[in-house]
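Take a look at the structures listed below.
Consider the two complexes below, in which subunit A is the common component and subunit B and subunit C are the respective partners.
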Partner chain A sequence: MKKYLTFFRIRLLAGLQYRAAALAGLSTQFVWGTMEVLIYRVLWREHPERFPMGPEALAAYIWLQQAFLSLFALWNWEWELIDSVKTGVVAYELTRPADLYGMWLVRTLATRLSRGLLRAAPVMVLGALIPAPWGLRLRVSPADFGLFLVSTCLMLLVVCAYNLLVCALTFHLTDPNGVMVVSVAAADLLGGAIVPLPFLPEGLRKFAELTPFGAMQNVPLRLFGGDLTGAAAYRAMGLQVFWAAVLIAVGYALLRAGLRRVSVAGG
Partner chain B sequence: MIEMKGVNKTYRVRRREAGLGNAVKSLFSRAYTEIPALRDMTFTIPDGQIVGYIGPNGAGKSTTVKILSGILRPDSGTCLADGLVPWEDRKRHVARLGVVFGQRSQLWWDVPVIDSFELLRDIYRVPEARYRENLDRLTELLDLADLLKTPARMLSLGQRMRCEIASALLHSPRLLFLDEPTIGLDAVSKLKVREFILEQNRQCGTTVILTTHDMQDVDALCSRVLLIGKGRLLLDGSTAEIRAMAGDNLSTEESVADLYRRFGI
Partner chain C sequence: MRLYFKFLAIHLKSAMTYKTSFFLSCLGHLFITGNTFLGVVFLLRRFDTVGGYTLPELALCYATVLAATSLAECFARGFDAFPKILREAQFDRILARPRSLVLQILCQDLRPTMLSRLLQAAAMLIWAVHAGAADWTVGRAAVLALMILCGAAVFFGLFLVYAALCFYTLEGLEVMNIFTDGAREYGKYPFGVYGKGVLWLLTLAVPLALVQYWPLQYILGRGPGWYGLLPLVSLLFLAPCFCLWRHGVRHYRSTGS
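Moving on to the complex of A and B:
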C-alpha cells in the first residue's frame, strides 16, 4: 500500500510544477465556459420551454465540467505509459516486485488528480462570480452532495480503467491511435462532453446512458446540478460501478495476455 | 547461482518485400519468418562472479537477459536463479534482482532523482535503515550528492547512468544485470562506473552479468566470458583464453572480432 501512496505523492508534487500549463488551461477553460453559457443563454431566451434542464443545473454542469476538465476528460491519456509500451521501457516495470496493472491504475489516477485539482479552484471561483442563474452555485442538499462525491470517484475509476484498456491494447497493436480517436469521438458525444445528455434525442440519450461513456462525467455533473436525483441517480451510479468493474477486468485480462506473449521491442 | 539448461526461444517476425504491390499483397496474406533467438542455451554461473556476456548484434544477449529477468518466457528449456524459475516466481525473483538497461531509463523523467529512489524504496519494501545505508554508500561511491535533487531530464548521460546504476542497487540485490551500462559514456564516467561495479562485487558479493560491446569493459571487469552468436553459446572461458585462441598478441577487441569471423557470426 505504501508504494502506491508514495507514487501518488510524487506524481502530485510533480504535477504542481507545470505552472505555465496550469495557467494556460485555466484561462482556456474560463473563456470556454463563458462562451458556452452565452450560447445557452441565447437559446434559453428564445425557447425556454424546450430546455430539458433548468439554467441553474446547466450552469453548474458547464462550470464544473470546465473546472475539472483534466479530471473528467477521456482524452487526458497517460502518454508516458503508452510510450513505455511502444518503446519497450515497460520492461523496467516488469522487473519490479509489483503488480503492473495496480501501479498503472494508481499512476493514471494520480496524474488526473494532480492536473485536475491544481486548476479546479480558480475556475470555480470565477464561475461563482457570474450572476445567477448562469453562475456556479451549490444548490443540492448535503446528502446529494455526498452522492456527487461518490459518483466522482466512480467516474474517475471508469475513465482511468478506460485509459488503461487502451494502454493494454498497445501491447497488441502497433499503434493505439485509431482506438483513441474513435474513443474520444464517442466520449464527446455519448459522454456529454459536447452537450449534456438530456439535450440528445430520447433514443440516443437512453442508449448513451447505458454505454461506458455515459458512466463518466455525465453522472457527477448532473448530480451536482440537481438534474439527476432519486432512483435515476442510483441507477446511474449502479451503471458506473458496473462499467468500472467490467473495464478493469477487461483491461487486466488484456494486459496479462499481452505480457504472456510480449516480446519487448528492440535492444 | 544461475542455471540455464537447453533454453530455446524463437521470435516470429513479419516480412515483406519493398514496394506498393507487395504492401497490398501483405494485407491479404502475411509472410512470417521464424527467427531463432536462442538455441539450446546452457550455462551455470556461481555466486559472486562477474560474467561478460558478449556477442555481435542480434546474437541473443538481450533475450537471455530478459528471460533471466522473468520478462520473457522461453519456448522450452529450464532456468533457475537461486532456486526460482524467473517467469513463474516473477515477483519473488525480481525482488532480489537489480537491472540496468543502458538504452532505457528507469528514472522518472520529470521529477528529482531522489523521488525516483524513494519510490523504488517503497516498491521493494526496503527498510528505512538499510535504504539510508545503501543510499549513503552509493552517493559516495558514485558521486551523486549534487545530482539527487535534479530532475532526471536535466542530467547528462554520464550523470544519468550513475543514477540508473544506483537505483538498481538500492534494495541490495544479490544479482545484477547490466545491459550495456557504459554505452555513450565519456572516459571518466566509464572508469568510474567500472570501478564501482568491481567495488560492489567485492564488498557485497553481488553476482553481475554484463552484456556489452565494449571489450575494455570486459577486460576491466570480467573474470569469465560467455561468447554467443546466432543464439548459441560458442565459447565459455576467461579473457586470457579468448586472446590465446586468437593468438598473435591481439587485444581482446581484435581477438573477439577474429572469433566472430571464425565462427561466421
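Moving on to the complex of A and C:
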C-alpha cells in the first residue's frame, strides 16, 4: 500500500508543477462559463416555466463544470500509458514489484487530481463573484455537501477506470483511436457536457443516467446545486459505485488477458 | 500559387495514405460539432426559440460559422501548429527560402479532415433552406457566401495573431482558444443573443459579429441591406493582424539548432 501512496504523491507533485498552464487555462474556462450562463439567462427570461432546474442549481452546475473540467474530461487520455503499450515500454513497468493495474490507477488518479485542483479554485472564486442567481453559491446542507464530496471521488474513479479500460484495450487493438472518438462523443452527449442531462428529452435522459457516462460529472455537479436530492441522489451514487466496479473489473481482466499474450519487440 | 497547389496535393496524398486514420479523424471532428448542434436541437425542443430565433434560423447561423472555421482550420493549420515550428527552429529554414513567409507556412501543413465539417455545414444549410429559414434572393445568397468567405478570412487573421504572439512567448497561448475554438462553439447562436456587451466587443474589437450576427439580420429580413455588406468591412481586421505578424517576425531570435 505504501508504495502506491508514494507513487501517488510523486505524480501529484509532478502535476502541480504546471502552474502557468493552469493560469492560462483559467481565462478560457471563465469565458466559457460566462457564455454558457448568458445563453441560459436568455432562455430563463423567455421561458422560465420550461426550466427543469432552477437557475441557481444550473449556475452551480456550469461553474463547477468549468472549474473541474480537467478532473473529469474523458478526452484527457493517458497518452503516456497508451504510448507505452504501443511502443513496448510497458515491459519496464512489468519488472516492478507492483501490480500494473494498481500503478496505472494511482497514476491517472494523481494526474487528474493535480490538474483539477490547480484549476478549480480560481475558477470557483470568479464564478462566486457573479451576482445571483447566476453565480456559484453553496446552497446545500453540510450533509448534502458530504454526499457531493463522496460522489466526486466516485466520479473520479469511474472516469479513471474508463480511461484505463481504453489503455488496456490498446493491448488488443493496435490503434485505440476509434474507441476514443466514439467514447468522447458519447460522454459529451450522455454525460451532460453539452447540455445538463435534465434538459434532454425524457427518454434520452433516462437512458443516459443509466450509462457509465451518466455516472460521471452529471452526479456531483447536480448534487452540489441541490438539483439531485433524496432517493434519486442515492440511486445515482449507487450507479456510480456499480460502474466503477464494473469498469475496474473489465479493465483489470483486459489487462491481464493482454499481458498473458504480450510479446515485446526490441531489446 | 502553383507552388501552393502542389503542396496541397502532396498533403492530401499523404493524408489519404492512412485511410482508416483519416476517416477516424473526420468522424472525430464531426462528432464534436455534431454534438454541439444536437445540444442546440435539444434546447430548442424544450424552449422553441432562443432570443427569438427558431431552429432553422439557428441552423443557418451555425452552418455559416462552421463552414468558415473549417475552411480556416483546414488551410491555416500551419499557423495553428506554429509554436512547434518555432521551437524546432524550422522557422530558420523558412526564412532562408526566397518565398513569402505566409505562403510557406500555409504550405507547411494542411488538415483535410476538417473539411468533413463542411459536409455538416452543407447538410444544415440545405435543411435550413428547406425548412424556410429565410426568403431567398440572389442578394441574400451572395451575402451568405460572403459571410463564409470573410468569416474564414477573419479566422485566418486570428490564427495569424496567435502565431505572431508565439514570437514573444515561444509557446502557444491557450487564451487565443477563446476566439478560435470558442467562436466556433458559441457561434452556434447569433452573437446578439449573448447581450449587447458581447455583441459590440465582437463587432468593434474582434469583428466576428460582422461575419455572423449583422449579415444574418439582413438574410433573415430583420435588418437593412447594408448589413449584408459588413462582412467586407471585417476584412480590415487583417491589416492589424499582418502588422503584428510583421513585427513579430522582426522580433524573431532563432532558438538555435
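In this text, the second predicted complex is superposed on the first by the 264 of 267 C-alpha atoms of A that agree within 3 Å, B and C clash if a C-alpha of one lies under 4 Å from a C-alpha of the other, contacts with A are read in each partner's own complex, and residues count from 1 in each chain.
Basically, contacts are C-beta pairs under 8 Å (C-beta built on N, C-alpha and C of every residue); 3 or more make two chains touch, one makes a residue touch a chain.
Everything quoted here is computed from the prediction, not taken from an experiment.
Colleague: Figure out whether A:210 sits in contact with subunit B (first) or subunit C (second), or with both, or with neither.
Modeller: neither
Colleague: Quick one: is A:6 in contact with subunit B, with subunit C, with both, or with neither? Answer first, second, both or neither.
Modeller: Once the two structures are laid over each other on A, A:6 reaches subunit B alone.
Colleague: Using the touch definition from the top, say if A:181 reaches subunit B (first), subunit C (second), both or neither.
Modeller: A:181 contacts subunit C only, not subunit B.
Colleague: Under the stated touch criterion, which partner chain does A:17 make contact with: subunit B (first), subunit C (second), both, or neither?
Modeller: It touches subunit B, and subunit C stays clear.
Colleague: A:80 contacts which: subunit B (first), subunit C (second), both, neither?
Modeller: first
Colleague: Residues of subunit A that sit at the subunit B interface in one complex and at the subunit C interface in the other, please.
Modeller: Shared contact residues on subunit A (touching subunit B in one complex, subunit C in the other): none at all.
Colleague: Where on subunit C is subunit A touching in the complex?
Modeller: So the residues of subunit C touching subunit A come out as 20-21, 24, 27-28, 31-32, 34-36, 38-39, 42-43, 45-51, 173-175, 177-178, 182, 185-186, 189, 193-195, 198.
Colleague: Sort out for me which residues of subunit B touch subunit A in the complex.
Modeller: Interface residues on the subunit B side: 11, 62, 66, 69-73, 90-92, 94-95, 97, 99, 101, 103-106, 108-111, 115, 118-119, 121-125, 179.
Colleague: Going by the contact rule set out above, which residues of subunit A touch subunit B in the complex?
Modeller: 2-3, 5-7, 10, 13-14, 17, 80, 87-89, 91-92, 94-98, 260, 262-264, 267
Colleague: Applying the document's contact rule, which stretches of subunit A touch subunit C when the two form their complex?
Modeller: Answer in residue numbers: 21, 24-25, 27-28, 31-32, 35, 38-39, 42-43, 46-47, 50, 52, 175, 177-178, 181-182, 184-185, 188-189, 194-195, 199-201, 204.
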